[in-house]
Each structure stands twice: as structure tokens, then as C-alpha cells.
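As C-alpha cells, the structure follows; a few thoughts come after it.
Naming follows writing order (A, B and C), and every chain is counted from residue 1.
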Amino acid sequence: MTGLSPLVGLDYASVAVFALTGALAASRSQLDVVGFIFIACLTAVGGGTLRDMILNREVFWVADPTMLAVATVAAITVFFTAHRLESRYRTLLWLDAFALAVAVPAGVAVAFAAGHSWPIILVMGMITGCMGGLLRDIVCNEVPLVLKQGELYVTCAFAGSPLG
Amino acid sequence: MTGLSPLVGLDYASVAVFALTGALAASRSQLDVVGFIFIACLTAVGGGTLRDMILNREVFWVADPTMLAVATVAAITVFFTAHRLESRYRTLLWLDAFALAVAVPAGVAVAFAAGHSWPIILVMGMITGCMGGLLRDIVCNEVPLVLKQGELYVTCAFAGSPLG
Amino acid sequence: MTGLSPLVGLDYASVAVFALTGALAASRSQLDVVGFIFIACLTAVGGGTLRDMILNREVFWVADPTMLAVATVAAITVFFTAHRLESRYRTLLWLDAFALAVAVPAGVAVAFAAGHSWPIILVMGMITGCMGGLLRDIVCNEVPLVLKQGELYVTCAFAGSPLG
């Protein structure tokens, strides 16, 4: 993993922000702290896990379990502070778009480093960016944001792509 | 992949027909064009992706990204024509059964070529045939067709198996 | 697989008990026998399949397809007997907790045998224990038990861990 440090930085940032969105969704579903941590971790690592399984790489958080600690800390933070937010849904929307703009380049960079063709690189960016949030919305039984906010998602993804 | 051309033909056919069912489901959920393409691709490659991840093969659309282009074209076609259909649900049912009868032999052939035992070959046929549609129905929050139409599914699967 | 026999025994037990919970969920959703077998197999092998895909091991039921036969027998048994139960939901809750206490050590043992660090070992125990039931609840469109019963889950998981 040495020499890939900006890539790792992107992964950490997207894990943290996606974990925040997962914890906010758990807060909207009025779960207990176990549910917060569960949904936060699922959202945080879901997209990257699928990317790594499809590309047959070692899954990124198996290589570096600190990722899960970051997600857990984010979940616990939200557990104790979410009630102070004026609108959890609006915060969720903004964070989800922000996480997407960070996760897409992380996915793109991984696929690029593995020497894949550009359509696969693009698709891996999308999978890393969308699938965590999709899992979060399915488990919380909400209409997936990626389907309600298609245009926004595409805009964020393209905004994020060149960073990869 | 050379020497496997009938197999690849089956894969293309099942990708195209499953993409049509995914786009029809997106149409029933009144999504935008991004949603059409997303659900079409998910339905089209979902079953085969799971099959390849379980068998530890290279995922078929990573080896051949044209599959995703086929699914995207099918999605866009449905986006501009679905409103002309008399009954989208009836069309969806028929196409889903047809896709199953094509995807099962595709899955069977892959597992057979990899030298697996017959129970695994059968299960891989079922996974390739059912899982794409299951993902489509979960994401669109509908009762999975595979559960509503169990007998039909089994009939189609057995009709398709000998082709593999 | 030789020399791992207690591990295999745990896997069989968790497959059988999870299959029973899957078949009970199918009974609550009034599915036909195909639906019973489908949900039972999905619940029985879902968690372990995800564990093996993430750890890049051969998936346990591909190595030993008897697991699927065990799940199918459990499904058919429940199909013919579930109507005699006084409360299917209560039975489901108890069996789910019991399956968890068996599946967690199975997951822990696999990750331990593969030489992973302790956070990964713990997470693999949780994935093996929770994910089958989560898939069952998502496909049957119920609120996931893992989210409704967070504390119970954690208790069962910790009760089961030392056995691993």
C-alpha cells in the first residue's frame, strides 16, 4: 500500500462521510447504538467492498481495519449529537452528495492503479460512490437516494472524477 | 474466452433481456433516465456477477465491458418507448421468464466449463437466472417475482437447463 | 478441509438453524415451497458466503454442497409443519438468536484459521452471524431483526464468540 497515500486519504475521507450519512439514516429510523454502528459501517465500506470483490483485490478494510474504527467513531458521534440538528434529512442529502464526490475518485484511482480499461474505471468509480448509500437505503427501507436524485448524483460523480 | 462463443452469445442475450426488464421496472417506478440505466445494468449483470464472485472467476463484464453498453442501450430504448406499451407489468413478466430461460443455461455452462460438480452447476444456473431480478425488485421495493411466481420460475429454469 | 472438523460441525449447525428461520419467514410471507427453499438457502449460506468472498476463500458450500441439501431439507420440514406452531414469530426470534450464537464462532474460527488480525476476526464473526438474517428480512420486506434487536444480537454474539 506504500506509495498510494493520497488514495488511502481519499478512502478514509469517504469512509468517514459515508459513515455519517449511515448514522443519520439510523437516527431517522430511531435505532439503538448497535444499529447506528451497523448501518454506519455498512454504508461506509459497502461500495468499496463490492469494488474490491469484483476486481478480485484484497478488500480494503481487511487490509486496514482502522477504516472500521473511523466508521464506528463517526456513528457514535452522530448518536450523541443528531438530535441537535435542525433537519437530519437535509444534512443527509448534503453529506451523501459530498461523500459521493470523494468516493468516486477513490474508486477511479483504485481501478486505474490496477490497470483496467476506462469503462471499467468509470464503473468502479460509480460502484464505490453509489453502492454504500444504496445498501443503507435498502436496509433502512427508504427509496434509494441514487434513484430519487439521479441528476445530482451524476453531477457529483463527474465533479469528483478528475480528482482520481 | 476463445472457443466459448455460444456461451458468450447466451450471456449477451440474457444481459439484453434482463436490462429490458430492469428498465421496465424503472418505468413503473417513474424514475429518470439515470435510474433507468442504473436498474437496467444492475438487473442485467447482477446474477452473473454474483456467480463469478462465488466461483472466484474474473467477473464477466470486467472481462468484456460491452455487456454494460448493451444494457445501457436497452435502458435508453425502453426510456423512450415504454409509455407506448399497453401493460408494462405483463411485458415485464414475460420478459423476466424469457430472460430466466436464457440466463440459466449461461450460468450452467460457465459452472460446467469450470469443472464443478452437478449440484453446484445447478445452483449457479439458478443464481445467474434469479439474482438479477431479485436485486431489481429489492431496489424498486416490489415483492420479488421469484417469490410470487415460484412454479413459473422453476419451469423456465428447467426448460432452459438442457440448452446449457 | 481435514483437521477442521469441529469448524465444519459448527457450519452445519448454523446452516440448519438459519434455514429454519428462513423457512419460518417464508411461512409468514405465505410463499409456495419454491419460496421456502429459496429463502431458507439464502438465509443459511448468505452470511458465510459473504465472509468467504471478502476473505477470498473458496465459498464453503461450493466446497461442500451438502450444506444446501441440509438447508433444503430444513425448508421442506418447515413447509409441512409450520402451521402447527403456536407463534411462528416467537419461534423465529428464538431460532435466530440461537443461529447467531452458533454462526458467530463459525465465522470467528474461519478468520482465525486464516491468520487474520483480531478486529477482522471479530467482524467476520458478525458478518457470518448477521448477514444471512439481514438478507432474509430484506427479501421478505420486513424490518431487519438485527436492527430491532440490537442488544440481543450483541449479547448472543459475545456469548458465542469464546466457542470459536
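The working rule: contacts are C-beta pairs under 8 Å (C-beta built on N, C-alpha and C of every residue); 3 or more make two chains touch, one makes a residue touch a chain.
None of the values given here were measured: they were computed from a predicted structure.
Participant: Tell me whether chain A and chain C, two copies of the same sequence, contact each other through the same residue numbers or different ones, using over half shared as the line for same.
Facilitator: different
Participant: Quick one: superpose chain B on chain C by CA and send over the rotation angle as a multiple of 5°.
Facilitator: Rotating chain B by 120 degrees superposes it on chain C.
Participant: Please work out the Cα centroid separation of chain A and chain C, and write it as a whole number of Å.
Facilitator: It comes to 27 Å between the two C-alpha centres.
Participant: What are the residues of chain C that contact at least two other chains?
Facilitator: Those would be 53, 56, 138, 141.
Participant: Can you name the residues of chain C that touch chain A in the complex?
Facilitator: Of all residues in chain C, those touching chain A are 53-56, 116-117, 119-120, 123, 130, 134, 138, 141, 143-144, 146-147, 150-151, 153-154.
Participant: What residues of chain A sit close enough to touch chain C in their complex?
Facilitator: Within the complex, chain A contacts chain C at residues 29, 31-35, 38-39, 49, 53, 56, 58-59, 62, 65, 68-69, 138-139, 141.
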